[in-house]
Amino acid sequence: MLNKKVMTITSSNKLSYRDAFMLIIKRDLTIAFRHRDDILNPIIFFIIVVTLFPLGIGPEASTLSRIAPGIIWVAALLSTLLSLDNLFKSDHNDGSLEQMLLSPHPVFILVLAKIIAHWLVTGLPLIFIAPILAVLLHLNENSYGALMLTLLLGTPVLSLLGAIGVALTVGIKKGGVLLSLLVLPLYIPVLIFATSAIDTSAMNLPYSGQLAIIAALFFASLTLAPFAVSAALKVSTN
Amino acid sequence: MWKWLHPYANPEVTYHFTGKILPWFVALTVITLSTGLVWALLFAPADYQQGDSFRIFYIHVPAASLSMGIYVGMAVAAFCSLIWQLKLADASAAAMAPVGAVFTAIALLTGSAWGKPMWGTWWIWDARLTSELILLFLYLGVIALHNAFEDKNLAGRAASILTLVGVINIPIIKYSVEWWNTLHQGSTVSKLGKPSMTIDMLWPFIFCFLGFALLVTTIICIRFRTEILARNSIRPWVRNLVILENK
Amino acid sequence: MQFDSISDFFNMGGYAFFVWLAYGATAVMLALLVISSNSSFKKMKQQIAQRQKRETKLRQAAQLQRTLELEHDQQEQQAEKNNSKEVLS
Amino acid sequence: MSITNSAFPLISAGKLTCIREDRILFEALNIEINAGDIVQVEGPNGVGKTSLLRILAGLSEPFEGKVYFNNKLINRNRELFHQNLLYLGHLPGVKGEMSAQENLSFNLALHGLDSEAAEQTLQEVNLLGFEDALASHLSAGQHRRIALARLWQSKAPIWILDEPFTAIDKLGVKKLEKLFLQHVKQGGCVILTTHQDLSLPDEQVKKIVLTYKF
Amino acid sequence: MSITNSAFPLISAGKLTCIREDRILFEALNIEINAGDIVQVEGPNGVGKTSLLRILAGLSEPFEGKVYFNNKLINRNRELFHQNLLYLGHLPGVKGEMSAQENLSFNLALHGLDSEAAEQTLQEVNLLGFEDALASHLSAGQHRRIALARLWQSKAPIWILDEPFTAIDKLGVKKLEKLFLQHVKQGGCVILTTHQDLSLPDEQVKKIVLTYKF
Amino acid sequence: MLNKKVMTITSSNKLSYRDAFMLIIKRDLTIAFRHRDDILNPIIFFIIVVTLFPLGIGPEASTLSRIAPGIIWVAALLSTLLSLDNLFKSDHNDGSLEQMLLSPHPVFILVLAKIIAHWLVTGLPLIFIAPILAVLLHLNENSYGALMLTLLLGTPVLSLLGAIGVALTVGIKKGGVLLSLLVLPLYIPVLIFATSAIDTSAMNLPYSGQLAIIAALFFASLTLAPFAVSAALKVSTN
């Protein structure tokens, strides 16, 4: 019924790297948008965690403004951490991950696409919502620029490093909390430099040094993480 | 360069070889460590500023530096296991992780016990202390990952990846914590600089340091042998060995 | 000898609690580490021995399975024969 | 290069040994599968069929031994091998959040096939009318059919299928068997496991029988 | 009260209608199942077999209609009904973190059966030697066998089994069929779906055939 | 081969409520102890989250001691939240939950047993570890008693209320962040009264009022939550 030719060993039926990359991004975004929740939830978690602190600590503006950068960044860390579970777990559970590993493309390209899609859905929205929460926490007025910039450069690092942790734990039944043990220590440098940049900016001092380091972290993890992730995936699906 | 390693890369040979040298290590450890500790507790002079609390020094510093040294060793082993697929490197990395974690914990605990009389607090968020704490987390992560996989070989590879990512992280943490800290307050307390020790303090320290280092080697050796058995449990030589010992 | 008496030694110049806490905790943790390392070595050998025993059990089970399969095949052949007989008659 | 001209078996394995939990599942297994073969891996539950198939597909590593594709080591030629391989495991690899058609289109595109053909292909597996239903809202068999639909478009000569008939109704099984025949006639090969009897002619089907080895 | 003395069917349903995604799967279905019946629910993929079984087990609610157990509404007599019901769905309900024996012991104990019998029962399903293996380390078929082992101990007269033969090898299927016969002989009933042909005598098996309704 | 009698419709083969309860607790604890990690991980998560704050906020003892109660309680909230996923999700995914709902026991007993096992594994350890973390955060010395008491009464409430959220989201594929959206608002009263009790105790004032309210929350949720959970489970497995 289908007009097929004789089978051949071939290397032609293959997408370009760019097409494969776009295909995965498109798919992951489709799935995320299918449930709108996937996009709203990290934001809402972020908002709730940030609002827990005034409730737990008390409403004094001076204390809050003192601790605002730390709280916003810790909340960003945690909300990324929570959303990481979606990155490979569901694909592993229904066998799609296996299929991706078997596809005729370098695994790191597919992995990179998945990480970027994850960041678009969970990291990017944080950057837009953070200034509003900063107002609630009486963040110093000089610090908004630094807050946005550190989030813009820092959240991709969180997604990239987090992906390594998820890839290592994806085959393990209850990886949920193990994941945080693996990933949170890796997040600490980002946390320290980012909050330090914001604190410096509050004193109206230049914070380009810290920003440069975060940028360096970003490029380092962008180039190295996809390889670590694909190696880890091969191990944990074995 | 790897040629000379080859005979020892055979698990059976390594197992028997380590079995032969182990008693010597045990004896050396006992001698050195007991000498060092007795010297440190009884004969070393008290510090003129810190008094007898200085005796904590003799375990704190060896433990702290070994905790870092073991991580470096583990990272080297992890690297070898990933690049050259040396299963023995894998086993040695697995043997090192718990030992390193315990020494990190000892460094933290003894440091705290020293900090309370010296600084008036058990803990401050000082650069060195904080990075040591994070080192403990890294160790725990590696151990947890080892335990999470049933298949020892897979566990080894996964943990190797994590160890290497962590080793890149360690200098960053150390550096970042220092910088972060100096921004808020000068770290005045802990930067004693290298204490120019008198010779009667130096000798017990050297003995303690050597003793702890030997102890680490001994324990790692025992655990290494366990790991070898675990990874080769279907090999005939392991089976025969077990049968022989059970008789 | 830096100390004049035993009690002096235990007192550690007023730092007794901290010094002995440090030394005591270290001793306990190291002892635990040594003991657990040793016992896990022994446990590993026991485990391997136990597995060997389990294997013999498995071998027997496999034997059983094989005989069952044989029986099953024979039954089926029997049934086929019966069927063909019925058809013939 | 057409397979039929190739001097080498499509997929072959030398001295495969697989050990799980200290149990030897199979030892020093040699396999050679040529174009035109339908190979059924047989054996009771837990004998190691899935393990073998995963090793052949390069998803697990054997304890010892090597797998070759067209006489090249598969781990050294990963991409080329995967271009010529279609593996379907116990898990169908179908995303519940996407519709049947989206799932199939993605699967086809990922393997470099024409994703436009998805709608037509769904018809082959009797999912006409369910194109836009989310996969999670389909029945067990319909779910698997989405995964199987790829077979109708695949140009890969090597098919490795682990219990492809699970949850598929009788008509579906018939249709699949016909497809396998057509595939091997065109120079492909099929390696599969199933606990059901195949209704293919006996001379068509080669068997690899695994037995408990302790 | 012995079943055979009961004047009522073991399980019956009146005017069952099931609607999923605006599609009517079945409408005004009347079912009556007595002690001694083996009932096979038949139909192609996606016709609504699983949906029907879940409704009969009280796991889903029908759009319309009622299900009776011994002439009592099942939702009103939940506990009594569940004491007399054994349902095995697509998912086996076996925990990968526990060993085969622990899984079975728990399952037996939860349903008020003798959990001591677990080891012996594992023998029935050919899992001898795997008692202490974690369930997640077993093959697909062995995994399901753990769930099925309960059948050998069950005292519940009503068995509802959704594709019990999935992943089970031929010998296992034979053994299960024998068990079903024995069960109905003792006054129980079995309601099952499967896409494989049963090798039970035709007069033993009643069929409920579902067909697409659009 | 097995000597079976004729089948009867029976109501005898049934465990007592107590036996059923113990059976479930034993099973859940077995599973938790099987991977030791399950018990260690919530503790480690708790510790790591607490250490993130000094890193994000800075090392000054005065600030830290001011916000210590809030941080510890927020960390307890989050670590309970993360561990909630284990409560029903894995049972749902492998069909055990279905089997439990079909067992001849009242569902609320099984549910209560599961919640208590969950608390034993995740809540109880927090109480032992919290004082050590309080030292790290320089908590006021008067407040240790209040910290322990509020944790002892408060963490069971977290498990009980959390169970309702999990039960509602168990049928949904990606319930992870939706869960926090449902559950965290329910946790806010506990958080407010607990931190207020600790703050009050730091001033050496009596805090029995706050404690009484937490106790009331505890008893209310202990009696009501199991029913809410069993109703929710029936809905979400339909």
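Every chain is named by a letter (A, B, C, D, E and F) in the order it is written, and numbering of its residues begins at 1.
Throughout what follows, a residue touches a chain if its C-beta (ideal position, glycine included) is under 8 Å from a C-beta of that chain, and two chains touch if they have at least 3 such contacts.
Everything quoted here is computed from the prediction, not taken from an experiment.
A.B. asks: Looking at the contacts, which chains touch chain A and chain C alike?
C.D. replies: B, D, E
A.B. asks: Using the touch rule from the top, work out which pair, B-D or B-F, shares more C-beta pairs.
C.D. replies: Of B-D and B-F, more C-beta pairs in contact link B-F.
A.B. asks: Quick one: which chain's Cα centre is the longest way from chain E's?
C.D. replies: B
A.B. asks: Centroid from C-alpha atoms only, then distance chain E to chain F, rounded to Å. What do you get?
C.D. replies: Taking the mean C-alpha position of each chain, the two centres sit 35 Å apart.
A.B. asks: Per the centroid of Cα atoms for each chain, what is the distance between chain A and chain B, given in Å?
C.D. replies: 33
A.B. asks: What is the distance in Å between the mean C-alpha positions of chain A and chain F?
C.D. replies: 27
A.B. asks: Got the chain E residues that touch at least 2 other chains?
C.D. replies: Residues 90, 96-97, 126, 134, 137, 171 of chain E each touch two or more of the other chains.
A.B. asks: Spell out, as numbers or ranges, the residues of chain F touching 2 or more other chains.
C.D. replies: 35, 37, 41, 44, 48, 55, 58, 90, 93, 173
A.B. asks: I need the residues of chain B touching at least two other chains; which ones are they?
C.D. replies: Each of 137, 140, 144, 148, 150, 177, 180, 183-184, 233 in chain B touches at least two other chains.
A.B. asks: For chain E, which residues are in contact with chain C within the complex?
C.D. replies: The contact residues of chain E facing chain C are 126, 128-129, 132, 171, 174.
A.B. asks: Show which residues of chain B lie in contact with chain F when the two form their complex.
C.D. replies: 121-126, 130, 133, 137, 140, 144, 147-148, 177, 180-181, 183-185
A.B. asks: Quick one: which bits of chain B touch chain A in the complex? Just the residue numbers, please.
C.D. replies: On the chain B side, the touching residues are 82, 134, 137-138, 140-141, 144-145, 148-149, 151, 154, 157-158, 161-162, 164-166, 169, 172-173, 176-177, 179-180, 183-184.
A.B. asks: Taking the touch rule as given, give the residues of chain D at its contact with chain C in the complex, in rising order.
C.D. replies: Counting only chain D, the residues touching chain C are 22-23, 44, 211-212, 214.
A.B. asks: Chain C touches which residues of chain B in the complex?
C.D. replies: 41-46, 51-53, 55-56, 59-60, 63, 98-99, 102, 105-106, 109-110, 113-114, 116-117, 215, 219, 222-223, 225-226, 229-230, 233, 238-239, 242-243, 245-246
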